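What follows are several structures.
Both of the next two complexes hold chain A, though its partner changes from chain B to chain C.
And now, the complex of A and B:
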C-alpha cells in the first residue's frame, strides 16, 4: 500500500471521528424524537465508515465484518425498531431536560475537554489514533450525561446507544476492535437490549399514559 | 463434556417451554431441567476436584474451582426456585393476577437467565463473560416487570438503565484490559481476552491501563453486584420481581457479578501487586456495610429489607476479599456459599407472606405465626441464620472474615465490621419478630401452606442447619481451592 493511501486513510479516520462528535453535540440540543433517531443513525454510519477505514489502513480484515454489522444493525435495524416504538406510543417531542439546552451544551463542551485529558496518557503509544480515542471518551461521557438529563424513555435509550458507539470507537482506536466473536456478542446483546427496552417503553407508555420517566418515582428508601 | 451439557440443558428447557401449552408440563420440564443442572454442576465439582481445571472447545469454556463453586451455587438456587415457583405461581393464577401467557414468559425467561449465569462462570474469554453478564440483565428485566404494575415497570426501567450504564463501564474496563495485553498477546486471535492466556502474561501487562481497567470493572460489575453506592436499583427490583426471580437475583446473580470482579482482581493483583485492587475492594465493602445498616434499621417494607441485607452481605464478602491474607478470600467464599444456600429461604417466606396479605409493608402485616405457622417459624429461623447467629454457617464465615481482618490489618476495620453486623442483627430481628409474632390481623383465617412451597423451604432450612455443623469435605476442599485461586495467586 502506498504511503499516500495510508495518509488518506488516517485523515478519513480523524474526519469521521470529528463528524461523530459533531453529531453527538447536535443530539444534545435536539428535541424532536424522529430527528434524534435519525442523528443516531447518522452517527452510526460515520462509525461504520471509520471502522472500514481502520480495517483498510491496518489490514485488519476482521474489522470489516464489525463495520458491516454496525451498518446493518445500528444504521438500519435499530433506528427502525426505535421508530416503530415512537409510532406505537404516539410521542414526537422530548420535553425540556432537567437542565436547559445552553447549559447542557456547555457541560458537554466540558466533557469533551475531559475526554481529551483522559485520553492523553494513551496517546504516546498510539500515534495516529489519539484523536479518535479522545472523541470516544467524549462520546461515552456525553452519552451518560444525556441519559441522566433526558426524560423520555426513547431518548434515554438513544443516549445509551451513543455511549455504546463511543465504546466501539474506543475499541477500534485502541486495539482495532475486540475479537470478532466478542464483537458479535456485544452487538447481539445491544439488539436484544433495544428490543426489550422497546417492550418496556411500550408498557410504560400504556400504563402511565406517558413516556416521561420522571413520573417513575414511586419507589423510595 | 459436562461444561457443554450445563449450557445446553437450560437452552433446551427454554425451547421446550416455548413449545408447550399446558402449565403442568412447563412445571415438569422446569423441575426436571433444574434437577439435571444440579446433577451436572455436582459432576463439574467432582471433575474440578480431580483435574484442577476443565476446559472444552479449545479452551473457549474453562472451569476451575472458583467457577465450579459459582456454577454449583447457581444450580442450587435455581433448583429450589423451580420447586417453589410451582406453588407460588399456582396461587397467582388462581387469583387471576397473572395469565397463563405471562406464566409461560416466566418459564421461558428463567432458563435463559440461568443459562447466562452459567456462561458467566464458564466462559474463558473475558469479553464473552461480559456478553453473558449483560445477557443475564436482559433476561431478567422482563421478569422484574412481570406483574406489569406501575411500580414493577418503574423498577424494571431503573434496573435496565442503571444496569446498562454500569455494564458499559465494565465493557470499557474489559477493553482496556485487552489493550493492556495487546502488545503481548496480539490483537488478531480470539485468545487475546482469554483469562488463562492473560494470567500467563500477567506480569508483562501494561500496568497503567490495567489499573484504569480494574477501576472501570469494579464500578461496572459492582453495579450489577449492588455494591454501594451503585446499589440503588436493588431494593426496587428485589421488591417488585416475583419471589423466585428475586431469589435468583439475590443469591445467584450476586455471585456471578462478584465472580466477574474477582477474575480481574486476580489479574490485577498478579500484575500490580495485591495492594491496589484489594484496597479498593475493602473500601467499597466497608462502604456497602455502612450504607446498608441504617436502611435496614428504618425499613418499612420486608422485600426491600431483604435487598439491603443482600447489600450488607456483598459488603462482608468484599471486606473478606479485600483484607486478603490466607484467610480472607477463603472466608469470603465461604460466606458466598452459605449466603447463597440460606438467602432463598427468606425470599420464599417473604413471598408467602406477601401473597397472603397482598402487601409487603411491615405496618400492615402481623401475627403471621397464627396464619401460616411453618412460614413464620422458618422466617424467624432464616432471619437468625442470615444475620449470622450460630449454629448457622454464616456465623462461621463472618467469624473467618473477622479474624482475617484482625490478623491482616488494623483493628478499626474489624470494629466497623462488628458494629455493622451486630446492628443489622438487631434491626433485622426486630422487624421480622414483629411480622411473625404479634396479634393477627382481623378477618384473616389460618391458611394451608402447600407442599410445593414448604418442600424447598424445609430443604434449605435442613441444609443450612446441616452445613452449619458439618461441611462435607469435597465442598470444603472446593471452597479452599477457590480461595487459593483468589488469594494465593500472588
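And now, the complex of A and C:
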C-alpha cells in the first residue's frame, strides 16, 4: 500500500468525523421525530464509512465486519425499529426540549470546544489521531446533553444512540479497531437495548398517553 | 489584458446569473413531475420587465429610484472580486473578503430602505424580516470565509484560492467541512430558498424577500432581479471555488481558460442540483424557526474558525 493512499485514508477518517459532528449539530437543531431518526441513520452511515477507512488504513480486516454490522444495525435496523414505535404509539411528531433551540445549540458549541480541549493532550501524545478523538468526545457530551434536554422518551433513545456513536468513534480512533468479539458484543447489546427501550417507550405511551418523560412523576392507579 | 479580464468576468457573471435561476427552476419542476419553463425563461423575464414602463409611488423619495442601481452595481462589483475561472481577480487590488461582505450588506441595506420608503405595509414587514435573517446569516458567512482565509493566510480571495490550490490536502480538513456546511445554510438563507423563504410565492404571510420588491416594476424590477441572481451566483461561486478550487486556471492561455470554465460550470451545476434537492425535500420553516437554523450555521462556522487553533 502506497504512502499516498494511507494519507488519503487518514484524511477520509478526519472528513467522516467532521461530517458526524455536523450531523450531530443538525440533530440538536431538529424538532421533527422522523427527521431526527433519519439524521441518526445518516450519522451512523458516516460512522460505518469511517470504520471502513480505518480498516483500510490499518489493514485490520476484522474492522470491515464491524463496519458492515454498523451499516446493517445502526443505519437500517434500529431506525426501522424506532419508526415502528412512532407509528404504534401514534405520537405527535414534534420534539420539545427544556431549553430553546438557539440556547441548546450554543451549549453544544461550547461542549464541542470542551471536547477539543479535553482530547488535545491525547492527540499530541498519540501523533496521528486526526482529531477524531476530539469529535468523539464532543459527540458523547452532546449526546448526553440531548438526553437531558429532550422530553420525549424516543428522542432520548436517539440521543443515547448518538452518544454511543461517539464512544464507538473514540474506540476506533484510539485503538484502530477493538477485537471483533467486543465490537460484535457491543453492537448486539445495543440492538437488544433499543428493543427493550422501544417496548418501555411503548408502555410509557400506553399508560400515560404521552411519551413525555416529565409526566412520569404523576401517580397512576 | 486587464481590460479583457474585466470584460470576460463581467460578461460571464451577467450571462450566467439568470441561467442558474433557470436551472434551479427547471430542476425543481422536473422533480415535481412538471415540464417547467425552459432554461432561458429568466432571460425572457428580464427582457420583458426591461421593456415595460415603471410606476413609482408619489410618496417615494430618491432612495426608491436609486436603489435598483446601487443593488445592481454592488452585486456586479462583488462578482468582479471573486475568482471564477482563473485565480486572477479583476478587482483584486480593491479588497478581499471583507469588501465582498460589506458590499453585499450595502446592497441589502438599500433594498431594505427602499422597501420602507414607499410606506406600504408589506415593504416594512419584508425589510424587518430580511434584516432579522441577515443579522445572523451575515456573521455566519463572515466566520466561515474567515476560517478558510486563516488557513490560507490572506483575506484576498485570489490568494485564498491560490493557496488552497497549492495545498490540496486541506480539502478534507474538518474545519473546512464545518465551514462548508455553515456556508451552504447561509446560501439557502441569503438567496431566499425554501426552508427559509420561498422564491416562487407572493403569499403575504410567508414572503421575506419578495415583500420588499412589491412596489417595484419595469426596468427597476429587472435590475433588482438581475442583482439578486448575481448575488446568488457570487455566493455559489464562493462556495465552490473557495472550498473546492479544482480546475481553477492560473494563466490566461486559451486552454487554461477553457478547462477553468468547464470545471466552474460543472461545479455550479452540482451545487445547483444540491439546492434543488434541498428545496424539493423540505417544507418552508415557520419564520420563528429560521433563526434556529441560522444559529446552527453560526455555531458551525464558529467551530470551523476555532478548529485550527485547537487542533
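Keep this in mind: the second predicted complex is superposed on the first by the 212 of 221 C-alpha atoms of A that agree within 3 Å, B and C clash if a C-alpha of one lies under 4 Å from a C-alpha of the other, contacts with A are read in each partner's own complex, and residues count from 1 in each chain.
Here, contacts are C-beta pairs under 8 Å (C-beta built on N, C-alpha and C of every residue); 3 or more make two chains touch, one makes a residue touch a chain.
Just so we're clear, the structure is a prediction, and the values are computed from it rather than from any experiment.
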- Determine, for the superposed arrangement built on chain A, whether chain B and chain C clash or fit. fit
- Query: Between the C-alpha centres of chain B and chain C, what angle is opened at the C-alpha centre of chain A, expressed to the nearest 10°?
  - Reply: 160
- In the superposed arrangement, which partner chain does A:102 touch: chain B (first), chain C (second), both, or neither? second
- Between chain B (first) and chain C (second), which, if any, makes contact with A:11: first, second, both or neither? second
- Item | Larger contact residue set on chain A - chain B or chain C | B
- Closest pair of CA atoms, one in chain B and one in chain C, after superposing: how far apart in Å? 20
- Query: Where on chain B does chain A make contact in their complex?
  - Reply: 125, 127-128, 130-131, 134-135, 138, 141-142, 145, 148-151, 153-158, 160-161, 164-165, 168, 171-172, 174-176, 178-179, 182, 187-193, 208-209, 235-236, 239-240, 295, 298-301, 304
- Query: Which residues, counting only chain A, touch chain C once they are in their complex?
  - Reply: 7, 11-12, 14-15, 17-19, 21-22, 25-26, 28-29, 31, 101-102, 105-106, 108-109, 112-113, 116-117, 120, 123, 131, 134-135
- Query: Which of the residues in chain C end up touching chain A in this complex?
  - Reply: 169, 171-175, 177-178, 181, 289, 291-293, 295-296, 299-300, 302-303, 306-307, 310-311
- Item | Parts of chain A lying in touch with chain B, wherever the complex brings them together | 60, 62, 121-122, 140, 144, 147, 153, 156, 160, 163-164, 167, 170-171, 174-182, 185-186, 188-189, 192-193, 196-197, 199-200, 203-204, 207-208, 213, 216-219, 221
